[in-house]
Amino acid sequence: MPKLTAEIQLRTSPHLHTPRSVEMIMRHVVYAMLPLCAFGIYVFGISVVALLAVAVAACLATEHLCCHLAGRASSINDWSAVITGILLALTLPPGFPLWMTAVGGFVSIALGKMLFGGLGMNVFNPALVGRAFLQASFPVAITGYTPALSASRFTEFIPTTLTFPFLQPPSLTAWITAARVDSFAGATALMQQKFDRVTVELLPLFLGYESGSAGETSAILILLCGAYLAARKFLDWRIPVAMLGSAALAGQAFHLLNPAVYPNGAFVLGSGGLMLGAVFMATDMVSSPTTPLGVWIYGALMGLITVIIRFLGGLPEGVMYSILLGNAVAPLIDNITQPAIYGARKKAKVTA
Amino acid sequence: MFGFFSSKQHLSRGVHVPECKELTEHLPIRRLPFAPMLIVPLSQHSGAPAVALVKEGQEVVRGEPIARANGFVSVPMHAPATGRVERIALAPTSRGELQTAIYIKPWPSASQEVLYGADQDIEHMTPDGIIAAVQATGVVGLGGAAFPTHVKMKVPAGCTIDTIVVNGCECEPYLTTDHRVMAEYPQQVVHGARIMMKAMGAPKAIIGVEDNKMDAVEALRKAIGPATDVTVGVVEAKYPQGAEKMLIEVLLGRQVPSGGLPSEIGVAVFNVATLAQLGELLPRSQGLIERVITITGPAVSKPGNYLVALGTPLRWALEQAGCVDEPASVILGGPMMGPSCSSLDIPITKGVSGILVLTKKEVQARPKQVHPCIKCGACVEACPLHLNPSRMGLLARKERYEEMESDFHLNDCFECGCCSYVCPANIPLVQYFRVSKQMNRERKARERAQANG
Amino acid sequence: MNTQSLGHIFIDSLLINNFVLSVFLGICPFIGCSNKLSTAWRMGVSVIFVITVSSVLAFGTNLMLVALGAEYLRIITYIVIIASTVQLVEMFIKKTSPALFRALGIYLPLITTNCAVLGVALFQTAREYNFAQSLVFAIASSAGFALALILMSIIRERLELSDIPDTARGTALVLMLAGTLSLAFMGFAGMGAG
Amino acid sequence: MSAANLPQPAASDSVRMIRLMGSVSLICGLLIVGTHIGTMEPIRRNQEFITKETVSALLPGVDKQAVYSLVNGDLQPGAQPNVPVLYAGFDKQGALIGVVIETSERGYADTIKAMYAYSPDLQAITGFQVMELKETPGLGDKITKDPAFLDNFKKLDVTAGPDGKPAHPVVTVKHGTKKNPWEVDAISGATISSRAVGRMLAKSTATMLPLVRKNLDRIRKGN
Amino acid sequence: MPHDHGQPAPSPAENMEAFLDGLWKQNPVFVQVLGTCPTLAITNSVSNAVAMGLATLFVLVCSNALVSAVRKLVPKQVRIATYILIIATFVTIVDYLIKAISVAVYKALGPFIALIVVNCIILGRAEAYASKNPVGKSILDGLGMGIGFFIALFSLGSVREILGAGTFLGFPLFGPNYQPWVLFLLPPGGFFTLAIWLMVFAAWKDRKKRREVKTMAEAA
């Protein structure tokens, strides 16, 4: 007979708990981004390795430091800073100077997250806050794109990568000429389309053997990784579907109005950071709405703004801004789309 | 209009929890012997405690009333065994407080047979007569609420009840009490439902059963036979399907108004075990003296469904079922809503539907670290009442209890535990809400006191 | 003479050169009235009201001043116009809609010191807008002010539930948020440049 | 301003009040008018100085300037407020070196205002200077100082076509792809601002150059 | 207010206090967070900040002086109207003076010169100080507040110009290869810089307070 006198624990219901945890969700998002990192490294070489390492290290160090300053337990073990670091690196040009990357990582975490009280409190996607900061601070360096699949990519760094801190990166023109990559236009597909009305082929665009940011070039790979996360329910599939759908529709509508100027919906989907943004950044749980209707509005709004900025604005790419703007209106969307509770009474009846 | 219930009905929110019912769902109900001492608290129900009718030292017969109802919202108690009233004194109870209880020492050779009671003709009784008869049986909601059944039967003025919903959705994991009752006493369940229809003037009754208890569905359908006044509605197995409001919505497509009662929309809901007891006891005007409970859990060596005399101490019941391992946590009821108990010396009362014993392994499997809310929305998706637990949790952290009640319908929450279950950040949401409700109650009491004084 | 199209002026003053986030006008009420949504939208509506009316009045006054060759009185007349507009609007609302007056009442007097109001009058003069352009400019820039105010108020309401570090509480946090919003609004830059 | 809400002042009070307000207004008025009159001349000189400087920078060797304004679709001598203005520059001998034309166009951040020099003899733009801009520092503002970009305007072909407008409108092309003398080679990374310059010149030359050609004899004579 | 109408002339120490308060303890921007619009808009270069600071200083001192001079004559009812009239007058004067001195500065500051009228520091000082104190003290207060405002503009402008352009008053500081952080010249940079300054002040105050608490605890 077992001792039934033993101490029994008093705890509150429910006594069961789902096996999911924050760390687990975050870890899986990191897993899902690893193929993108690997692809970026394959296409752009060792510079991307350095980029990823510096971004993640900067994010982790900043998070640790901020926790220390605030007198809290360090929260670097929840993997969220790693996600921010990887996302930041994936949105930067492969040869982006490392010192600027470190600045970006610092800003992402300090300004984008810890200032608001850390995980779960940030209003904006931290990685994008860092990216927007870099874009505004170093507009030249952040448009310094390099060709994909250069022959020497595994043996040498892109010269801009190793820029001395606080100095300007050197010009890439000579290096690109020396790298002798055929038909490299010194610009991403989006820039070529916007400024020169040259629309590249769709297949390479979707496969990702293209010039662009370190991890955003392969639309197909991003979709696959996103599908994995969605299938495991680690992300809300409705946001990317709404965002991509509205972007494609809006793009196609513009295209039909003026095919000479505006590319079609498929180009909109495959080019730039739309895929990466829609799948990995717009879906950041903290900064997106929680209501079912709100999620659709949020996604659709971001897709629309993306196309408007790309087609009508001054910049070739608008995903980053559209997501930041989406983040800004997310609380508003949340407020106005609160669903009726079960058995909600009509307001008129309550009149006392 | 809901004539065909062959197709599965669907609950939009809620969660799929591991059922863990395979431990006991096929085991027939077995009777436990009397414990050496039975402890019958005078308040096993919501409402006023009963008033003892016996004195210390008095001998009682199994089934004999030993306490009378104190007012309408109260029920009498009956002696669970033939024996002697040892003393009337305070005893620990499942609610964590001491309460007056009647200690009965059964005769060593006491029989389980009930000799007390006389036949009565329900067919010719008035509704009020039936209600009085029900009160005399001492039956309360056996699903766990322990609310006096006869009170529920009183149709409020201005309401008409058109449907009796019989709740056979035992959605809590591990528990199989209702399942076995339906499978083994289908006649009594149907009979109980018909008594209710008569008493409340309802033309039909629907027995809602989850699709993981198909043997019970078969048994019930057989018991109903060709009659059409009582039907069986099969619904998807999902937690908390067994909650009154959820079951009504799924079966009838109606929503109970926020803060209101089912009677406002013409529905009355009764638990199957309650009805089975009524169907059994009422024709013979006997009292409720025993109930079926599931004793289960990874720490129990002989899990099963046991018919237990009310007042049996927990420790004795567990000793009968046997514990394979050192129990780390003992829960009265299911793991989602059942409170864990602090002492094994408390008696099994009318509201206890099961005893779940967990080992250290399960207890430690639960994550300890609480993260900040990442607003993943899992709790919003899970809340069967479409509340926003995420926001309420954040408000509770900042002690903004009033706002939770006025803007976020805190008082609609019935603490089903779905939000806490799904929360990846492991935030004790339900606990927050309990505290918040308590704080609001205390604040209101203070305000009232100030207004009066 | 300014040849910008009306649509252009609208988008420009609403989003690209948003009064609060890019031109830095009306920062004080933006910081002061953005802690609650209920305050923010009322303030926003009041400002749209006042700016539109005072812009029309300032346009007329400027015509008069130019005709008289008394441009040097511009600043004085504008500030007088704004102060009286606020008074007029207050009286008008009080008469026509007591409910609206109850909602906006306390915000109207505050607007006198809102530099966005004077800013609209001065900018429309400096840019030599015609009447229609002035009107669109006034409506769009005041709507831009209201937009920024409302967005900020909801974000701040949400942040009330979080654990902001002590040093960042208050104005510093609002400014940081405004900076980030301003970063996000930079995406609209160059819109309509083709 | 809010006297209505306040307790009625006694009659003597209001007289005092009016007198006071009157005298304060008088002081203020005097101060303002004084400043206005005192600064009128320096302000005018300042304004002229800036344009003169620019014109002489754009037309080296200029000695005398004449101002024309675009009024009702034609050139009128003298400066007029709020309309595009054209300056003719003459050397010491009184010969026309070229004209400088004001123009503006929407850039990335805000309107860019600029002046360019046109030589009727060369039928080309011979200089370009930005007067006002808010383009991104370090990026868009390269159009003011990037030497390679400004080289575009040493001799930018705007030879007139049959209708008097340039036969080949000025156009900005992608960096490094300039082939024709009427093309502007964009600054890499500042494409939008470069394009705005091209557009600005194309628009302005299309309206102004036919007028300049029409009135060339008049301008040469200096009236 | 420690002093009322018609009190004997204040001691030099009190004058000094009136002056120093504005500089640091009651700094209009960093402590009272007033006049934020020009602080943010006109600080993308040190020269602009200096010009704006001087213009505001001028208006502040002059209007304080005039308001104080007429303080006993002005009836309550038209108090604010009179102050605004006086302020607007001096703003108009400054507007013309700047135009006369330098067109470049005038273009850089734009309508923000005229907007000095609604700078709440000026009306605030007129109402809270000049209307209750003698001319001399009011001028000192205006000087103190004005210089405090100037200091704020200057420190913001310095940070923004040094980081954003790598120059100070137009002189390059770090050589040709320095990478400027353009953001600091743009609107978001204004918000961030002021926010950082405020946070520095908050942290500094916090530390001071903690140290005081500590010394008090030790003394006890």
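First chain written, first letter: the chains are A, B, C, D and E, and each begins at residue 1.
Following the convention adopted for this analysis, a contact is a pair of C-beta atoms (placed from the backbone, for glycine too) under 8 Å apart; a residue touches a chain by one contact, two chains touch by 3 or more.
Since the structure is predicted, the reported quantities are computational estimates derived from the model, not experimental observations.
Common neighbours of chain A and chain D under the contact definition above: C, E. With chains reduced to the mean position of their C-alpha atoms, the one farthest from chain C is B.
Among the other chains, B has the CA centre that is most remote from the centre of chain D. Ranked by C-beta contact pairs, the top pair of chains is A-B. Central chain assignment: A. Criterion: smallest distance from chain C-alpha mean to the mean of all protein C-alpha atoms.
With centres set at the average Cα position, the gap from chain C to chain D is 30 Å.
Measuring from the averaged C-alpha position of chain A to that of chain B gives a distance of 49 Å. If each chain is reduced to the centroid of its CA atoms, chain D and chain E end up 34 Å from each other.
Separation between the centroids of chain A and chain E, computed from CA atoms only, is 42 Å. Looking at chain C, residues 72-73, 76, 83, 162, 168, 173, 176, 180, 183, 186, 189-190, 192-193 sit in touch with two or more other chains. Contact of a single residue of chain D with at least two other chains is seen at positions 1-2, 28, 32, 35-36, 108, 136, 138-139, 192, 195. The residues of chain B that reach two or more other chains are 391, listed in rising order. Checking each pair of chains for touch leaves A-B, A-C, A-D, A-E, B-C, C-D, C-E, D-E. On the side of chain C, the complex with chain A involves touching residues 37, 150-151, 154-155, 157-159, 162-165, 168, 173, 176-177, 180-181, 183-193. Listing the residues of chain C that touch chain D in their complex gives 1, 4, 8, 16-17, 72-73, 76, 83-84, 87, 128, 189-190, 192-194. Every residue of chain A that touches chain E in the complex is listed here, in rising order: 100, 111, 133, 136-139, 141, 163, 166-169. Taken in their complex, chain E has these residues touching chain C: 33-34, 36-38, 40-41, 81, 84-85, 88-89, 91-92, 95-96, 110-111, 114-115, 117-120, 123, 186-192, 194-196, 198-199, 202-203, 206. Residue ranges on chain E touching chain A, taken from their complex, read 174, 177-179, 181-184, 186, 188-189, 192.
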